[in-house]
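Several structures are given next for inspection.
Across the two complexes that follow, subunit A remains constant while its partner is subunit B and subsequently subunit C.
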Partner chain A sequence: MAWSDICITGLGESPVGKVPEKSSTDLYAGVILDAVDDAGITPDDVDVLITGGSRVDPYLYHAEMMAEYLGITPPTCLTVNTGGSTSVSLLRQAAALLLAGMAEHVVIAKADNLATGMSRDSVVESMATIGHPELESPQGPTIPSLYALIEQRYLHRASLRPEEIAPVAVVDRYHASLNPAAQYRDPITTEDVLASRLISDPLRLLECAPVSDGGCAVVLSRRERASGKRPLVNVLAVGQAHDFEHVTQASSLEYTGARISGPAAFRDAGVSPSEIDVAMIYDAFAFIQCMQLEDLGFCAPGEGAAFVGDGNTRLGGALPVNTHGGVLSHSHAGRPSALFLVVEAARQLRNECGGRQVHGAATALVHGEGGILASHATAVLRAAS
Partner chain B sequence: MSETVPFWEAVDGGTLAVQRCADCGHQQLYARDACARCHRRHLDWAPAAGKGVVYSYTVVRRAPSKQFADEVPYVLGLVELEEGPRILVRIEGCEPDDVRVGLPVEVAGPGDAAGRRLPPFKPTFAPSQT
Partner chain C sequence: MTTTERPRPAGYDDHRPFWDGAAAGRLVVQRCTQCGAVRWPPRILCGACLSPEVEWVEATPTGSLFTWTVIHHTTLAGFKDDPPYAVGLVEVTVAGGLVRMLGGIRGCAPSELQVGMALRAQFEVVDDGALVNWVLVGDDERQET
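Right after this comes the complex of A and B.
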């Protein structure tokens, strides 16, 4: 067994946006069954079920709960949450189980219904608990304000003006306009972004992720156990990095752990950034994409915003990024967002993206970050030959 | 939970304290039972000067909860203390537009231990002098 024997074999996606008729557990069940069916296996074939829990329905043993709901008994059930890096880092843990011969089919699933399952105030309040409970949260930060601290420092370091970040949101929305499944599909301009209200300076509303319902699931299998129903996608390598949990504890907010996870993934995959045909980068806030493009080595330090502004990340550009619409415009149901990046990368490599297909896409990168740019995971995927 | 009474007594008195490792001298906040640098477990409290520079900042315009709704907008500064640790505090005593990365700041008055509010900070020099 080698990494080339580890394949993504099945994908499942729910509708996103507002899905009031479904609970988070209903969404989870649907995407797990869809992904298993897409893989050409049955629910009883699943050896390992990994979920990310739910903010709306915080079951104590969430993966076990989902197994019970579905009437299956996978011997390994895990509930894992490292925020927006989880879904990418889990590709590595799943691969390890498959490589060790401890599993044949692993399902990774994420779903939640933040838009209709709880009030907007409750979502903001719930997410703000990410601050340190004794020293940070009592001072009144929100998630956007904690990210805004990083953006401000980044703008200072890179000598950028806030308006130079806006094209990230415009490109994400353009891609979403090509994706019938995306939540926000009406094209926007840089002027629209700059006219939207300030949430926490310098972050404006259209540079912040929406609040959504939705979920998705991925099946990973050993190649010899794949049904052959769909084209196979190899997971070539996954790099990880973890520096801090609270913004006050970061050694630096000028660069991110993507500087470690990215090169590790490229090295282990035997691939260079110039060989990446399409990239999916977690961008719950617009500036994140600029920092990560730099830290992953797609452009020089300080040039991430210009890289986007010059059109490189648009479909047809040198490196199309977030062809599903990104976290900003496809959806943000919280924990599912990074797994949607994996699903979109796999769909590109399976040539299933229709009007937003990157022609000839053979190698893809997925980067997730969790916490306040604290946990990082980078995966390199390739269409199996 | 690590002992934090000395820290909050300092806050109520309009000063700050940092936890100091007796073995390697590393100074840290928040309080822990182990040094985050040498990982040994002999820690004490030391008074802090209450001075630092703005590492970054933001103006919060959407409150995290009803508790803060009457306070927006407010400036949150990530302040790097002279002793090394960074803390998240309110910046007061100047216009939000006067705050910038690298601005020298100092404690502007007492905090509130009961509400876990850290002391507000203000620019060390009047804006026109910086």
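Right after this comes the complex of A and C.
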């Protein structure tokens, strides 16, 4: 067994946006069953069920609850309810279980109904637990404000104006307009972004993730156990970096852990940035994409915004990014957002993306970050030969 | 933390010197007596050398604005009437190094805020200590220092 034997074999996605007719548990069940069916296996074949829990239905043993719901008894159930890097780093944990011979099929699933299952303010407040409870929270920092602190410093370091970041949101929306499954599909312009209200200076509303319902699931399998129902996607490598929790403790707020997780993934995959055909980069806030394009080595420091502004990340450009619409326009149901990046990358490599397909896409990168640009994971995927 | 109130100092022993100092108008942080590294927030051991040996040292209550934001929209119930309000990361130099603190920036218009500007601590007394906010150093003060 080697990493080349680790394959993504199944994908499942729910509708996103407002899905009031489904509970988070129903969303979970639907995407797990879809992914298992896509993999050509049955729910009983699942050895490891990993879920991301739910903010709306906060079960302690969430994965066990889902197994019970589905009438299965996988030997391993894990509930891993952390943020945006986790969906990518879990590919590594899943690969480890497969490589160790402890599993043949691993399901990673994330779903929630933040848009209709709870009030918007309580959703955002439920996320607002990153600051130090005693020494920072008394100052009233919100999650967007903590990101805004990093954006402001990034703009200063790179000598950028806030308006140079806006094309990220425009490109995400353009891609969403090509994706019938995305939540926000009406094209927008840079002017629209700049006319949207300030949330936390310099972040404007259209540069911030929406609140959504939705979910998705991925099946990873040992190659010899794959049914062959769908094209296989190899997980070549996953790199990780975990630097800090509180923004005051970051070793640098001008560069991110993607400078460690990216090169680690490229090295272990034996792939260079120039070989990446399509990239999915977690962008709950627009500027994140610019910083990560730089830190992952797709462009020079300070040139991320120009890289996007010059059209490189649009379909047809040098490196199409977030072809499903990104976190900004596809959906943000919380924990599922980064797993949707994995699903979209795999669909690109399976040549299933229709009007947003990157022609000849053979190698893809997925980058997730969580906390306040604190925890990073980068995966390199390749269409199996 | 409840959702309807502002979070307040919790009064843990290892934070007590900071709150007592702030209530008396002094900015104090921890310094490792083993390796000399300064740290913030307070911890029971040094992240650089793991020594539990610590002293509290008084910092000159001035700093430099590392980065800032003005919050125009908040979902935090305890702050719902406050926007717009500014929050920044402030770099404070102490003998032995530098710490960053997150604090409110008071008394200046958003258009005045600039990375690198000189700030002075302003202590806002609350129930059981004082919050550290920051205000601009006036031109006259700057000439004195």
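Definition applied: the second predicted complex is superposed on the first by the 384 of 385 C-alpha atoms of A that agree within 3 Å, B and C clash if a C-alpha of one lies under 4 Å from a C-alpha of the other, contacts with A are read in each partner's own complex, and residues count from 1 in each chain.
Note that in this section a contact is a pair of C-beta atoms (placed from the backbone, for glycine too) under 8 Å apart; a residue touches a chain by one contact, two chains touch by 3 or more.
All figures in this text were calculated on a predicted structure; none of them were measured in a lab.
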Legend entry - Simultaneous placement of subunit C and subunit B on subunit A, clash or fit: clash
Inset, instruction - Check whether A:R153 is in contact with subunit B, with subunit C, with both or with neither, and answer first, second, both or neither. - result: both
Inset, instruction - Once the structures are superposed on A, label A:P138 by its partner contacts, choosing first (subunit B), second (subunit C), both or neither. - result: both
Legend entry - Partner chain in contact with A:G12 - subunit B first, subunit C second, else both or neither: neither
Inset, instruction - Go through subunit A and flag every residue that touches subunit B in one model and subunit C in the other. - result: 121, 124-125, 128, 131-132, 134-142, 144-145, 148-150, 152-153, 156, 197-203, 247-249, 253
Inset, instruction - Would you mind writing out the residues of subunit A in touch with subunit B in their complex? - result: 121, 124-125, 128, 131-132, 134-142, 144-145, 148-150, 152-153, 156, 197-203, 247-249, 253
Inset, instruction - Write out the stretch or stretches of subunit B touching subunit A in their complex. - result: 4, 29-30, 55-66, 68, 71, 74, 76, 78, 85-90, 96, 101-102, 115-118
Legend entry - subunit A partner contacts - residues on subunit C that touch it in the complex: 1, 3, 6-10, 12, 15, 18, 40-41, 66-79, 82, 85, 87-89, 99-104, 110, 115, 126, 131, 133
Inset, instruction - Would you tell me which residues of subunit A are touching subunit C in their complex? - result: 120-122, 124-125, 128-129, 131-142, 144-145, 148-150, 152-153, 156, 197-203, 246-249, 253
